[in-house]
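Chain naming follows the written order as A, B, C, D and E, and within any one chain the residues start at number 1.
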Amino acid sequence: MSVDISAMMLAIFLPLFGAIAAFLLPRAAALIGLVALALTTGAVIWLAREVWQSGAVILPLGGWGAPLGIDLRADGLSVAMLALTSAVGLLVSVSALDALKGAGQSRQRQYFWPLWLLLLTGINGVYLSTDIFNLYVMIEVIALAAVGLTVLSGTRAAVQAGLEYMYASILGALLFLMGVGFVYLQLGRLDFAGLMDAEPTGALIAAVALMFVGLALKTALFPLHFWLPAAHANATAPASALLSGLVVKAALYIVLRLAQYMPFPSEALLTLVGMMGAGAVIWGGIQALRAERLKLLVAWSTVAQIGLIFVAFARAGELGLTESWKAAALLILAHGVAKAAMFLAAGRIKDEIGHDVIRDLDRSPIRPTLAQFTFALAAISLIGLPPSLGFIGKWALMEGAMASGYWHWVVVTMVGTLMSVAYFSRVFAGFLRFDRVRAPVGEHQGWALADAAPLTLAFAAIGLGLMAAPILSFLEIGYPFGVAP
Amino acid sequence: MTPDLIYGLTGIAVFGIGLVGALCVQERLRRVLALKLCSVGAGFVLVVGAWREPPEMPDPVPHALVITGIVVMVSATAVALALIRRLQTLEATDER
Amino acid sequence: MTDPLVIFDLLLALSIVALAVASLSVRDLFAMIVLFIVFGLLSALAWVRLSAPDVALAEAAIGTGVTGALLLKTLHHLRFVAGGQGLRAGSGGTSMAPAAPVPVPVPVGVILANAAFCGLITLGLAVAFLGAPSAGPGFDALVADAMPDSGVAHPVTGVLLNFRAYDTLMEVVVLLAAVVAVWQIERGLSDAPAPVMGEVWQGFARLALPAIVVIGTYLLWVGAEAPGGAFQGGAVLAAVGLLLLLTRAYVPRPAHRGIARGAFVLGTAAFALVALLVASGGRVAFEYPLEHAKTLILLIEGMVTLSIAVTLAALFHGREPVALPKGGRDDT
Amino acid sequence: MLDLIAAFFIASGTVFFVAGTVGLLRFPDIFCRLHALTKADGLGLALIALGVGLLAGTPGEIFRIALVWSALAVASATCSHLVARYALRSGMEGRDD
Amino acid sequence: MMDAPLLPLFILLTSLLASPVLFALPERAARLRTAINLGMAALKVMLVAWLSLKVAQGVIYDLRFEVLPGLEFKLQADPLAILFIALSAVLWLITTVYSVGYLEHGPHRARFFGFFSLCVAATVGIAMSGNLFTFLLFYELLTLATYPLVIHCGNAEALRAGRTYLIYTLAGGLVLLLGTLGLWVLAGTTDFVPGGVLTDAAAQNPLAAQLLFVVLIGALGVKAALFPLHAWLPIAMVAPAPVSALLHAVAVVKAGAFGIMRVVYEVFGIETAQALGMTAPLAALAGVTIIYGSLKAITQDDIKKRLAYSTVSQVSYITLGVALASPIAAVGALAHLIHQGLMKITMFMAAGNLAEGLGVKKVSQMDGVGRAMPGTMLAFSLAALGMIGLPPLAGFVSKWYLAQGGLEAGQGWVIALLLGSSLLNAVYFLPMLHRAWFRDGAADAGAPARPRIGWMLAAPPVTTAVLVLVAGGFANAPFSPLEWTRFIVDIEYLE
């Protein structure tokens, strides 16, 4: 009796089994984790090949089929997100080996791996799901594992931030659940296909609103971002990288999917979403300018970048979402890679220098050159300078906005870009200033293996920009949002 | 006046009360409770959606969903409470 | 039509709402928890009225019972930590100072604005609810058609363990994530020793334990045909764990960690393995062969019940058992 | 006839419950309240269980009702004891409002 | 001869690939670093020579791949590109020699040369960009690569200057992005095509085209230091001398000027630009900048600042030549691109030598330096005289063509402007020469009478000074800058 295993099942079950094994055998957790990550990456590659060859694939779990059972579906967008997750995840895992190697960190080592693998299960599950209640359960898996990772260090600040995160997470999930309830009231089914072509009645509008607010809370869209900076800034570096690079993306992805299947929101509503995004860009920028610590600055930049993604999304114009989702998807990918690199680099800098107070970075005689270089590369992508993927995303955003005459979104993007230059240049000044150092500067300390993973990520963030055309055509497999007229 | 109407509105009211609590309350334990109220409210809406006029059987799917929701919520509550306990301990040691 | 029942429904609904408000507004935290437990039980009653006995059972056992126990345990901890070594400082159970350090009070204006905002949302939701079709479309027909192929007779169990088994697996994963997270969060020895409950309590526990085990197993078994099932049964069995922990008939030891870990993952692992392994001969994952469906479902349910029971008890206990310092106190 | 007797039992059980609840609300301190509650509820529950048991059709149902009653009786007694014990130990002697 | 279609890419890669290697080298490996630097620079010069030959023979190089649907990354090697590449390749070699000498014992050399290489790669990329999108890519890369060079000293002053520089240039880059997008939306392509791509769009929507012109010129004007966007340039003088030399002669300022050329000639097309009525204001702006820069230069005492303001003035000659919209003026503009580069790099390296050898940083300290450092000062003097426009030096040639172009275009005021500017040039350069050669050195100079500076510092300015002489004297020889510019102008004006 041979077992037919589909790549989609593997993408979800491999991390799950990995988590179980890592939890059972704490001593071998790191090894199990890496193997599970590598295997999952393999499964995602397999799945990508399948999707590339034959378009979107569907797996009806239990053989029941959509309305009654739950289908898994993989199209270009979901595979791209899976690929982002496993690639970033694998590299972050490698760097976690180094980041958690301290003698006092055995506890963190022991729990990092099961939590992270459970998180991966949840994230992969989100990207393959086609059922809104299943999405609810998945975001709860993500939430619990993510909170566990947030408080991994066990400091008071981290626990405090983790608790706030937990409240926000639960509330967001419950709002989403209430939305699911309203969808059920109106339509009597919960799969994506059932949502399509539904008349936008009052109950359905309420459902969309509830789910959107819930997800906005989870993804920290201004003004619901209050929990994010502390949570991301106080976690240990690999956890921060995962939280900022991957976790918020899951909620963003659900927003994208809902927009795809739910009745098209009115222009006014989209503008409102864009305004929230613009608020995030500006408020996040201001706070990043004022932040005193490096990791806090990076966390605030996440708030701003999330806002930008929503701006990209909101500039739909006459074509509807057929084009604007691509800009959003590109920005999501770009931010995922670059932010993970940046948090890892920030963690390395903090480890080497011993603190991350931005004002005093230039007082340190130790200069972790490679980590600083990584940070700068990631910043280039986040600012949106060519040829990074962030630049391509911004290009797609502004092009669409300009073509449909939405100059306000162009202005918002430009303001956001300038602000990001301003706040990142604070950090660069700290890296490159030398006249405040008392001791001789120990520079260029050779190649630390720990820098390899973040550096790879940062180079990917830059280099992927040149591969935007294949990425875009891959994203369009299965035509998530229909073909442009 | 049928039960679904009465309890549906009850559920929404409970959800709203929980929402107020979640946004306004400062005490940590009470916030957890407020969130729990929200979840009960959402459960009400789903159970009400499943309800059919008595001779007919109710729709079992939402029931299963609510059971899942309850288990998920107790897990989340347990984690939140663990965080609260830990935070209290850390604060107490900091003050000493 | 059935006027007395409508009056009963109305009264029940009113008391549920009133209890919700009361539990949020009562000053004392202990009273808050008690009111919440009453609220939960009345909600369960309401769900019985809505012909959802499974949900009612789950809510009563897990949503109210276990949650209430968790809340009480946390309150005990908070009061102990806040009140230094003794619990005697205050006047006991009913009027202690708030456990957490008093936070900056929120301005009344903000509260009012928030309340008004939530009120508006609630109003909007109510309007949307009234506009939605009552007893609208659902899965009724689909489930009725598929039930013969599900391997069980009780529709809710069919949905949970067959039609939407994937959701249920993930739900068990959520529980697993919770217990991993809780073990990660709390560490070291407990700050608050377990309360001493007295001989009557011990006697009661001795009497109740076997009864609860029987009830829990019965609930699990009956799930295939009637209301009940893995979650309800698991919750009842978890009560055994709670009793054992509270009576200190069982004290977790570091040596038990391995077993505990195994018990936590048992349900998830068994469920996931079965789900994967049935995928052969043209079947996909989670598609049980009809002739073995009932066996497989019962197997999964049994494992999951065990896991749920142990996990819920562990969530109550809260921390990974650690070695006791010499001459130290109990770790509960 | 059986119905009438059952109704009588249930009604009187309800009266006890109401009395117990009034006691809970009106009595001055925790011990008096416990007294009212346990006495009234124990009897009230027994009467109601009896009434419902008379109405029940099968022996199985009767058995289950009896089981519920006995479980509740034991649990409520233990609970009351625990509450009283806790109150006594934490020094709540006199009036408590 | 062999045919190598990837030749432009190789030229780009010689410096692009050198950069990470240089970063990775440990600080101590000075010899290896120097070898890589010089080897790559020499290789590049050879490849460029080969490329120019092929292009002169009419071979067309065109490398492209799609980045976004319809939007290409495109490298091309047209004669205009060759002109700029040749300038940067030759001057990179010379500046590299100079930098090796200049930074012999300085800190952070790995970083310096890494970014230095990257900077040249960006310049070469700018030169070979086949469309505005690619141009934008390299334009931003140039900004990023020069920033660490500008603040190389790492003190508060350098960082302040660096911040100003970054804000100006990145804001300019952002505006350029806006312009590129506008072009993309308006014309559906961003390709550089002789004669322009906007003829139809400009006819349909002249206002939008005019706006686009302003946006693009504004964006490029930041780097080209057009008045009033020039403020960063004098401040950026805190950079080490070779960086200043590179910034002024090849990289940043020239990238801006080169971009203006591309935009006017190959995005709008000279006729369309004229039809839109945009050339005259541009010419006027260039004129204002020329005079303003010269006037400011007179008042500066700091040598490098005086040179910086001189650059502000001189680079606008190029813009002026472009904006005059006459073929002969265009020849002047293109020739000046090269000539100004040669002259200015000479002067900056000489100024660097003065600071290194004698500690002289101000004009008022220059008394008698000619006798202390005759070679350096001879080079300086040649370049200065060239700037003023003394025949037969390089500056004269370009000014001559500009003036003729002005006449041809019927713009008599240009003659007056050029004369005035030359006069002002004389006013701020001649006193320096006077002090250097005809005044006795002050006793308090403190430095030894004949400071010893290495050949790596001494030779480069002399070499470039010789090139200044050659470019002017043999202006009509084949493959001279002037001849090459005629070749280009034929292409641009034939369309």
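Keep in mind that, in the parts below, a contact is a pair of C-beta atoms (placed from the backbone, for glycine too) under 8 Å apart; a residue touches a chain by one contact, two chains touch by 3 or more.
Quick caveat, the model's predicted, so the values are computed rather than measured.
The minimum number of touch steps linking chain C to chain D comes to 1. Note on connectivity: the fewest steps through touching chains from chain D to chain E is 3. At the centre of the protein atoms shown, by the Cα-centroid criterion, sits A. If you compare B-C with A-B, the chain pair joined by more contacting C-beta pairs is B-C.
Most remote chain with respect to chain D, judged by CA-atom centres, is E.
Look at where the CA atoms of chain B average out and do the same for chain E: the two points lie 68 Å apart. Chain A and chain B have Cα centroids separated by 28 Å.
Chain A and chain E have Cα centroids separated by 42 Å.
Mean C-alpha positions place chain A and chain D at a centre distance of 56 Å. Looking at chain C, residues 125, 129, 136, 138-139, 143, 163-164, 167, 171, 174, 177-178, 181, 185, 187 sit in touch with two or more other chains. Applying the touch definition to all chain combinations yields A-B, A-C, A-E, B-C, C-D.
Chain E makes touch with chain A in their complex at residues 23-24, 26-27, 65-69, 73, 107-108, 110-111, 136-137, 140-141, 144, 147-148, 151, 154-156, 159, 162-163, 166-167, 170-171, 173-174, 177-178, 181-182, 184-185.
Of all residues in chain C, those touching chain B in their complex are 5-6, 9-10, 13, 16-17, 20-21, 23-24, 29, 32-33, 36, 39-40, 43, 46-47, 49-52, 54-55, 58-59, 62-63, 66-67, 70-71, 73-75, 77-78, 81-82, 98-101, 103-106, 110-111, 114-115, 117-119, 121-122, 125-126, 129, 134-136, 138-140, 143, 155-156, 158-160, 163-164, 167-168, 171, 174-175, 177-179, 181-182, 185-187, 191, 231, 308, 312, 315-316, 318.
Remark: chain B residues 1-10, 12-21, 23-30, 32-34, 36-37, 39-40, 43-45, 47-54, 56-68, 70-79, 81-86, 88-89, 91-92 touch chain C in the complex.
On the side of chain A, the complex with chain C involves touching residues 1-6, 9, 13, 16-17, 19-20, 23-24, 59-64, 67-70, 107, 111, 114-115, 118, 121-122, 125, 131, 133-134, 137-138, 140-141, 144-145, 147-148, 151-152, 154, 159, 162, 178, 182, 184-189, 201-203, 205-206, 210. Considering their complex, residues 71, 74-75, 77-78, 81-82, 85-87, 90-92, 96 of chain D touch chain C.
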